[in-house]
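What follows is a group of structures, each given as structure tokens.
Below, subunit A partners subunit B and then partners subunit C, in two separate complexes.
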Partner chain A sequence: MGLISLAAAKTLASSAAFLFITVLLMAAAKRTATCIALFSAQCAIITAQILATAYLHHSGEGFLVAILVFAVKVVIIPYALLRVVKGLKTAGEVETSTTPVQSVYITAALIPLAFVVVRPYVRALAVDGQLLAAAVALVLSGAFLMVSRKKALMQVIGLVVLENGIFVAAITTTSGMPLVIEIGIFFDLLIGVLLMGVFVFRIRDTFDHVDVSKLRQLRG
Partner chain B sequence: MTYALDVLQLLLLLAAAPLVRGVVSCLKARLQNRHGASVWRPYSELRKLFSKEDLVPPTASPVFRLAPVVLFAATVAAAAFVPALHGSALLGATGDFILLAYLLALGRFFLILGATDGGSPFGGMGASREALVSTLAEAPLLLGLTAVAIAAHTATIAGMVRWTLAQQFFHLSAVHALAFAALALVAIAETGRVPVDNPATHLELTMIHEAMVLEYSGPSLAWIEWAGAIKLSAMMALLIALFMPWGMPVSFSVAGLVVAPVVFALKMAAVAAGLALLESGMAKLRMYLVPDFLGMACALSILAVVFTAMMR
Partner chain C sequence: MTLWIPLLVPLLGAFAVLACRHARVAVRVALGVGAIEVAALANAVWAVHSAGVLQSGHYLRADGLTAFFLINIGLIFSLVLAYSVGYLRHIPHGRFSSARWFFALIFLLLFTMLGVYLSANLGMMWIAVETTTLVSALLVGFYNTEGAVEAGWKYLILCTVGIAFALFGTITLYLAAIRSGLPADTALDWTSLMNAAPQMSGARELIKLAFVFVAVGYGTKIGFVPMHSWLPDAHAEAPSPISAMLSAVLLNCALYALLRFDAITSRAIGSGFSHTLLLALGTLSVVVAAFLMVVQRDLKRLLAYSSIEHMGIVAIGIGLGGPLGLYGALLHTFNHSLAKALLFFTAGHIRSKFGTLRMDRIRGMARSLPWTSVALVIGSLAVVGMPPFGLFVSEFVILTAAFTQAHYLLAIVLLAAISVVFGAMLQHFQGMLCGEPQSMGARGKSLFADVAVMTTCAACLLLLGVRIPAVFTGFLHGAMAVLQ
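Our next item is the complex of A and B:
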């Protein structure tokens, strides 16, 4: 079974690079649907990473977590978000407060920042520096998506990207959290996203748009 | 023996260039549910153009006639840097990637001169747009190649390819992924393909390359068309050689000699199919969005260079 463990090791080694690319593409994406597809791809990469970690650490729970991640993050959340996009019937443009190129440059600057930030932890914890940096970059870029995008739905996507970062940090520094906690987090996230989807519809119904930069006054 | 192979691969790049173009447009036609022209059509077009009379505007200076030939020569010289069949190239040892980039720039410069010399307003418009695009494409092209050069510790294209060949696929880091993304965007802009320029139309006010060559006819146009085809396949071969060279023979052997052209043809076909898919799936960008497109490439290439320091 040398081949599988080799593949697992390579998956771990290259997943950071792929995560960086999804982050950059998300910054460049102009349509909400593209962002959702990218989020799904990002979670597929994380699933592969969990599978590889589980195989290398011989943990049965890890495979279960991978299945959960796949079901919740690769399939259900993107599907729910796409339903929201379709249901909103407003234009599917992202509408940024920065231009797409500025977003890419800012995200590109966040990635080296992530590398610098994780340096002491990499030394102290003896973990994979690239993966930890990818985790921090996901957190930072998720936060950046939330503050720079005007559509309410993009704030949801930013939040789930941010959560992905925390998740990757957890599986990189430890070899995985206890299964009960994982399940709890996933249901939390799922319900959170569904609630936020409903909330976006409510914003649309009340204000006739989902542009959060225009939400200045209360309305009943 | 390697020398013979170097010459052979250059001749292959030159001779197969119109075929690559034909394959791309044929695939595009099929994807758009049209029957499409034969893949050999670019050859017959070239033959037709070479047998025609060369019409020169009465106001044009000798530069007008000179430009296509210089463009062709510079493009052929640039193609001589690209390893296709094995890990070296005809000029691979004599010059580095900077020379390659500026040989391409020299060709463009002369085409711009020729276009403005022709005296038609379309030529001048196309030339100014081409100047804009090439100015913006230069930084990401050089930076992307620099990132690979730093990773490979060599400045020659052939050296980089040999270094990549010695690596395993999964050992390639984010540097390569980012540099590939940047250079792919640049290659699209450099060769005037769809999101930046539409090679299939003479009827748009947004055209770049076609506007420049509007005044050209006969053999001059043939040189330009052939140079464009060579540039496209050289760029594709360069991306293949830098980022997916596996399959090239590392040392000289008969088996390698047989396998290499087949593998190269398959890879070129795959890239051509990707290009056709991309071109069918995307709309041409507005002219004022092209700087954004290339700015993206620039961000990626800067990040690639930064990563060479991070990944140590």
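Our next item is the complex of A and C:
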């Protein structure tokens, strides 16, 4: 076994653990900018995972997808989100409805839950159980970030984390979707995040705050 | 080319409209592009009708089901476009809210929705559905008021999360297809999936999982209870022509995506699982929406809940299945879109006349707005399923399907919910129509275009209620043949 394939195998084996770490750190993060940086790191781990898979399966498309993920998720989306944070000029606190300690405990409880949920599928599909559990944990913690954080921007971050989870599930169980579809999905995600950025500014301009828990005019 | 033209015309048209400096020019360009688009759609529908299936490259495809929904989108879109011209005179100008932006976005929305209908590949279809959300969120937030921004945000976030679940479902189906031996590059193609479906029963659990996620995901866009909370906000806060577009076309568009998945799932593992899920979602939607309609105060929110109710009825029709249930469900999507377009057009008139949509503040409409009142009465009679309008026929067919399949409890619950809706509508509209008219701001006479648009809606509803034309029945059977 060559050195590179060894590295690739090690990357695949350890990426799940790294993903769990980012999930926990995000739950503890107090500033929006930290969360964005963590999201970027999370996507870098996923890029490494795709690269390793592509190398082990000798798939040229895999390398293209890795480049795409790196460009869109590690660079462009975090950059755009940081620009929004700067443009808002409000204090970058995430403002949770739970305390940070509670958030970390809840997220930590989501991880074993993820392992339990995926168990029947791991056996049936013969796939890497840790990575599939990491995918489910990303989906769950993304959803948790969306409901527990008050700032509009944190909902966007929760959403992209959730999407990351679905993406990891896809690359773990299949060797990736056809390339055209993959590109389309990335394009949609990018436009979606940019549009949400525009809406965050609109919320600020019309309401003078970006606290979505105070958006309760429309009821019933 | 037949399939490319209707896709490219609105895309290029959007940019053409955006390039116009003056609002008046923009409106004319928009009408011109709209006319070309309707012709292109008619051509495509006719080509599909005579050829059966049209395929163009790997990613574009149209069959009988597509043709049926293309008629729906073409008809409603042309009505919305004609209505928008008069409506736009009242739009306040803002950064992104001008006639140019309005028409450009509505053409982009049309482009994305046609993308959903024409895609041959379930992954492509997902991408198109997600883009419809992105474009229509801008239209929901078009007025830039507090309510519009809140509704737009809620819509964008909730539907993107919902659609993300649909992506997961799509991926799971893809996985099931690959495990059943389909090659990776065609494992999302509708044709190859339908052909391979009978051999996919080995991946039973995966297909079930996929359908649950797709039903939740696309169900969010269709507005099934309990994923419906964005829908009343978005439909009520959007400009009235857009509300008509969302309610009459976009809901059907998401439903179309779900129909495709339902067909594959039913063929692969039998219809029991997916149809039970649809029956449950449909019944829940009908019942919850019916009771929420009683307590509404805003006219457009009332209409939005009515959309949830009708989508529930359609889901029940699909869930009952068989020729009768499916026939009723497809016919109901068409009828509902006509009735709901008419009602939202009426709501636009009422808003510009009274300056509010709060039903308790509107009195004496029958005297001050006689023609709009006639339209409101026709629309509401149609939407609660009274004869001689089309919705009576389709609801009757669905109920017949329920009784013949011995789903007595379901039929009784459905009848009870429809009665509650009838009572709610009667109570709300009686107050609005009767009484002494208050003093109100003057408004110019209603345009010829508006009268023509509303008359068309009412005439089509009446026609479908009295005697369904043979050509239309042909299209309906063509659509059903695809799904069975």
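Basically, the second predicted complex is superposed on the first by the 216 of 220 C-alpha atoms of A that agree within 3 Å, B and C clash if a C-alpha of one lies under 4 Å from a C-alpha of the other, contacts with A are read in each partner's own complex, and residues count from 1 in each chain.
Throughout what follows, contacts are C-beta pairs under 8 Å (C-beta built on N, C-alpha and C of every residue); 3 or more make two chains touch, one makes a residue touch a chain.
Keep in mind that this is a model prediction, so the values were computed, not measured.
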For this session: Considering only the touch criterion stated at the top, classify A:75 as touching first (subunit B), second (subunit C), both, or neither.
Result: neither
For this session: Based on the superposed arrangement, let me know which partner A:112 touches: subunit B (first), subunit C (second), both, or neither?
Result: first
Problem set entry | Partner, of subunit C and subunit B, that touches more residues belonging to subunit A | C
For this session: Using the superposition on chain A described above, determine whether A:99 touches subunit B (first), subunit C (second), both, or neither.
Result: first
Exercise. Which partner does A:67 reach: the first (subunit B), the second (subunit C), both, or neither?
Worked result: neither
For this session: Have a look at where A:217 lands relative to subunit B and subunit C in the superposition and call it first, second, both or neither.
Result: second
Exercise. Touch check for A:192: first (subunit B), second (subunit C), both, or neither?
Worked result: second
For this session: Please give the residue numbers of subunit C that touch subunit A in the complex, ascending.
Result: 59, 121, 123-124, 126-127, 130-131, 134, 137-138, 141, 144-147, 149-154, 156-157, 160-161, 164, 167-168, 171, 174-175, 178-179, 184-185, 188, 205, 232-233, 236-237, 292, 295-297, 301
Exercise. Tell me, which parts of subunit A touch subunit B in their complex?
Worked result: 10, 13-14, 16-18, 20-21, 24, 28, 99-101, 104-105, 108, 111-112, 115, 130, 133
For this session: Would you pull the subunit A residues touching subunit C in the complex into a rising list?
Result: 120-121, 124-125, 139, 143, 146, 152, 155-156, 159, 162-163, 166, 169-170, 173-175, 177-178, 180-181, 184-185, 187-188, 191-192, 195-196, 199, 202-203, 206-207, 212, 215, 217-218, 220
Problem set entry | Residues of subunit B defined as touching subunit A within the complex | 170-174, 177-178, 181, 291-292, 295-296, 299-300, 302-303, 306-307, 310-311
